[in-house]
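Quick one: the structure is below, and I'll ask about it shortly.
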Amino acid sequence: MTAAVEIDHLTVQFGLFTAVKDVSLQIRQGEFFSFLGPSGCGKTTILRAISGFQEPTQGTIRIGGQDMNGIGPNQRPTALIFQNLALFPLMTVAENIGYGLRVRGVPKAERDRKVGELLNLIALSDQGNKKIEELSGGQKQRVAIARALAVEPKVLLLDEPLSALDLKLRQHMRNELRAIQRRVGITFIYITHDQGEALTMSDRIAVMNRGKIEQIGNGRDVYEHPQTSFVASFVGENNGFSGTITKVSGDQAEIETSVGRLTGLNKKSLAVGAKATLFVRPELMRFGAQGENNLAGSAADAAYEGMTTHLTMKAPDGSSVVATLTGAPAREFPSEGSAVSFAFSTSDAIILPA
Amino acid sequence: MSSKTVMNVMLAFYMAIFFGFLFGPLIVMGISSFNTSTYPQVYPIEGLTLTWFEKLLNDRDMVYGMKNSLWIGMWVVLLSVPLGLAAAMMMSQIYSKARSFYYVIVVSPVLTPGVIIGISTVVFWRDLTTATNSKFLYDGVFLAVLGQSSFISAYCMLMFMSRLNRFDRAQEEAGLDLGASQTQVFFHILLPFLRPAIFSSAVLAFLSSFENYNTTTFAILADKTLTTVLAGRVRQGTTPAISALAVLIIAVTIVGAIIYELVKRREDRERQARLDAAHAAELRELESIEKATLHA
Amino acid sequence: MLSSTGHPFIFLLPVLAFVIFWVMAKFEPKPVGVTKKSFFERNGTPVAIYLIVAVAFWALFMIVLPQLFMVEMSFRPKLPPVEMGGPKDLYTFENYHYFIYGSTTSSDAINWVHIKAFFLTILASLLVALFNFALCYPLAYYMAQAARPARVRFLLLLLIAPYWVNEILRAFAFRIIFSSGGLINKMLLGAGFVDQPIDFIGNDIALYAGLGYAYMLMMIFSLYNAIETLDHAQIEAARDLGAPWWHIHSFIVIPFAKPGIASGCTLVFMLSAGSLAAPLVLGGPRSLWFTPILYDRFFQAFNWPQGAAYAFILLLACVSFVLLVLRLGRLSLGEIAK
């Protein structure tokens, strides 16, 4: 099956600065695909390249098998949801949604019919005549989506659309977006720096850093099986211990760090002497029991967050180690400064190149 | 007395003198228009009358000049607003090294004395129309419109430039993204956004044209406008009919200003209502989300 | 002497300027990766054509070419229409000669009347500008920094109101007041300061007063706009540190407002120097103001080339003034155009 979007050795340079470095990937039809990364990593540039507002310095972009080189944004089968939504303030809700149809010369009756359908889809059936200024944040979001869907794009591109909303609304909109995508079946390409968003909404995620793709995979892959140190530390919280590999046996390895010798899974088959970092998720760190790896230090902080409690320990080399427990009462944590120890299993630790 | 009170007293004194100087002559003129004496004077008041207003409206030259001024004003608006808009749009797109040169040229009419603009317009078109055998173009109204528009377009351009600066380019991109051509973006998205600037530059253009004298007096050739008739009358001799004209103009502008203020207030109220509605919608939205999560 | 076939050549000048810039743009090294959409692509063809036609027509046919033609005419002799373009139509300095010497040929006498008028106009306009500055500065400062917003709006309205009245009428109002039977003379006679009414109009006092009055709005707006952007916290900080009010104004407000002061003074100067209505209405029979003299060259003497020469002299004076102000204040043109 032809991929919905194919990016082939895409490089985008601005003068001396390279925003996107030789990125290649394929996005499947009907997929909810996210680009996740810190600001400046190149995700916005890729989005603008796909939608036609940014010309690639090198490489090709194919949408539905067709090479997009030289095709302007108004002729591409894409629709973009801007970060500030860019709704037309002087037009009503219905006029906004129907704009794409209007410029394609769709006759008024047909246009009104389609706009009506979309208004129903976004549950704003009786709000067609309102001005944009009268809408709430969530309503504006939905209008932006309806406006994009009206032109029946092959790919819908979303540029951090939820970043301006407040927390509860944001979480609600995540579900809405996902539901709409499932109902309509269009390929969604979503960019964000919030990994919670990426994990809950996406079928697959591409983690980016400084113009390069670090890893592509679904939420589980990216969270539980990070392939690079960046992914391990960017997605979710993680404890990282840097050092040098001293022993390798099977799929495990031993690493000498500033807090002692630790063992973990060596999926990347690093050799002895290689510089590496061992990562253990805080929720896999155990407190109050012994294990295959033990860390001793002094109690630093116990942060109670309701569902979880984050216990922080200060290791002898000065670094902090965090263990996250669910449902455990904070009062069990010894007072600040007294001796504590954390433990973790070798199979819960991952060793990645430094 | 504290230094603050001294300052306040001095300020009040200064304002009194300032606004006295500013309004004094006009009040004098206004009063003189109602005074029966044939020579415009404020003191003594020999009697109150409206005859001067009557004489004014029967002054055929004045009426003709007024009609001409309105006609020219209309054409100036029709010419200056599109020129100003084009120049403003061009400003952001012109080759950057040429930009300051371009700016000097288009702003220069504002800084050039009006008489010079009038003279140069006449000289140029006289030569051009003789050389190209189009003498019919060498006409007072035509030249007055061109002469006035040369600097009035610059005013319009400056107004458009400041409005354009506040245009959200993302809207242009949104239009393109939805499939509009650049031309469609211009007409559907940019022009509606510029509507306030179009309106205010049209008003400015009309008023500037109507009251212009320096340029018009050269460019109008043998024809007349209200200002040239007025200048002629004033040179011939002074009568209170002229004061009457001033009073009329002031009255018309006050009425215009009041209407404008009322319209603006109504627009502001409507806008506030819309923002309030949005706020209410936000609250309702948050409420319904809370309710949904409680039942979930 | 050159024959004056300058017209086609004048048309070439702007074309040349355009070609130079176009070539420069073509050969400008482009930074890597930046896409340069062509002008026609960026605007769509119809709009692009509109932009080019409109700007070219305005810049060329309404601004540049008329000025060039006027300057060119100032170097031509006065000839009846039949003889124009003929053998007698040679480029000459005779019009400028007239300005200085009072005749196109002999250099015996100096044209004191016109020269005096010219310099008097320049000087008086300068003084008017300075007077307006001194008069308007306190109010502009008050409105920009000290007054509440509602009051500022009210004051603005109050300031704009007089200027809806035509400048001719405003000058006329001054004439009423300053005439021999007018208000001021009546007051002076009544209070016993003088025995006879003073001829304010004949000795130009009415004219200067009228000019001082005519362009106050320009000065106020320029100053107000400039002072308004000054962060009030700076003034408060200075006051906190114990600076007296004259110190604050001299060293903080005025340097900051330099562009506004420059633009206000420039505008008032040029409006005064080029003022026609006020001198015509308020000037006496022996008034020395340059612009009415210029007017006469056209409509009394019917000597257009001479009028063009005088106009060019006035233009040079204004341009020199602007450049002087820019240089003195170390400003750029963009800063003073409102």
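For clarity, chains are labelled A, B and C in written order, and residue numbers in each chain start from 1.
Just so it is clear, contacts are C-beta pairs under 8 Å (C-beta built on N, C-alpha and C of every residue); 3 or more make two chains touch, one makes a residue touch a chain.
These numbers were taken from a predicted model, which means no experiment stands behind them.
J.: Centre of all protein Cα atoms: which chain's centre is nearest to it?
T.: B
J.: My parser should flag the chain pair with the most contacts; which pair should that be?
T.: B-C
J.: Could you tell me the distance, in whole angstrom, between the mean C-alpha positions of chain B and chain C?
T.: Between these chains, centre-to-centre, one finds 19 Å.
J.: Which integer distance in Å separates the CA centroid of chain A from that of chain C?
T.: 61
J.: Between chain A and chain B, what distance separates the C-alpha centroids? Give it in angstrom.
T.: 54
J.: At which residue positions does chain A touch at least two other chains?
T.: none
J.: Please set out, as single numbers or ranges, the residues of chain B touching at least two other chains.
T.: 181, 184
J.: Any idea which chain A residues touch chain B in the complex?
T.: 51-53, 72-75, 78-80, 82, 84, 86-88, 90, 99-100, 102-104, 130-131, 133-139, 147-148, 151, 168-169, 172
J.: Can you tell me which positions in chain C touch chain B when the two form their complex?
T.: For chain C paired with chain B, touching residues are 7, 17, 21, 24-25, 28, 39, 41-47, 50-51, 54-55, 57-59, 61-67, 69-70, 73, 135, 138-139, 142, 157-159, 161-162, 164-177, 179, 181-183, 186, 213, 216, 266, 270-271, 273-277, 280-281, 291, 294-295, 298, 304, 307-308, 311, 314-315, 318, 322, 333-334, 337-338.
J.: Provide the residue numbers of chain B that touch chain C in the complex, in ascending order.
T.: Touching chain C from chain B are residues 11, 14-15, 18-19, 21-26, 28-29, 32, 39-43, 82-83, 85-87, 89-90, 93, 95, 97-98, 100-117, 119-121, 123-125, 127, 131, 146, 149-150, 153, 158, 181-186, 207, 211, 213-214, 217-218, 227, 230-231, 234-235, 238, 242-243, 245-246, 249-250, 253, 257.
J.: So in the complex, which bits of chain B are touching chain A?
T.: 168, 170-171, 173-181, 184, 188-189, 192-193, 271, 274-275, 277-278, 281-282, 284-286, 289-290, 292-293
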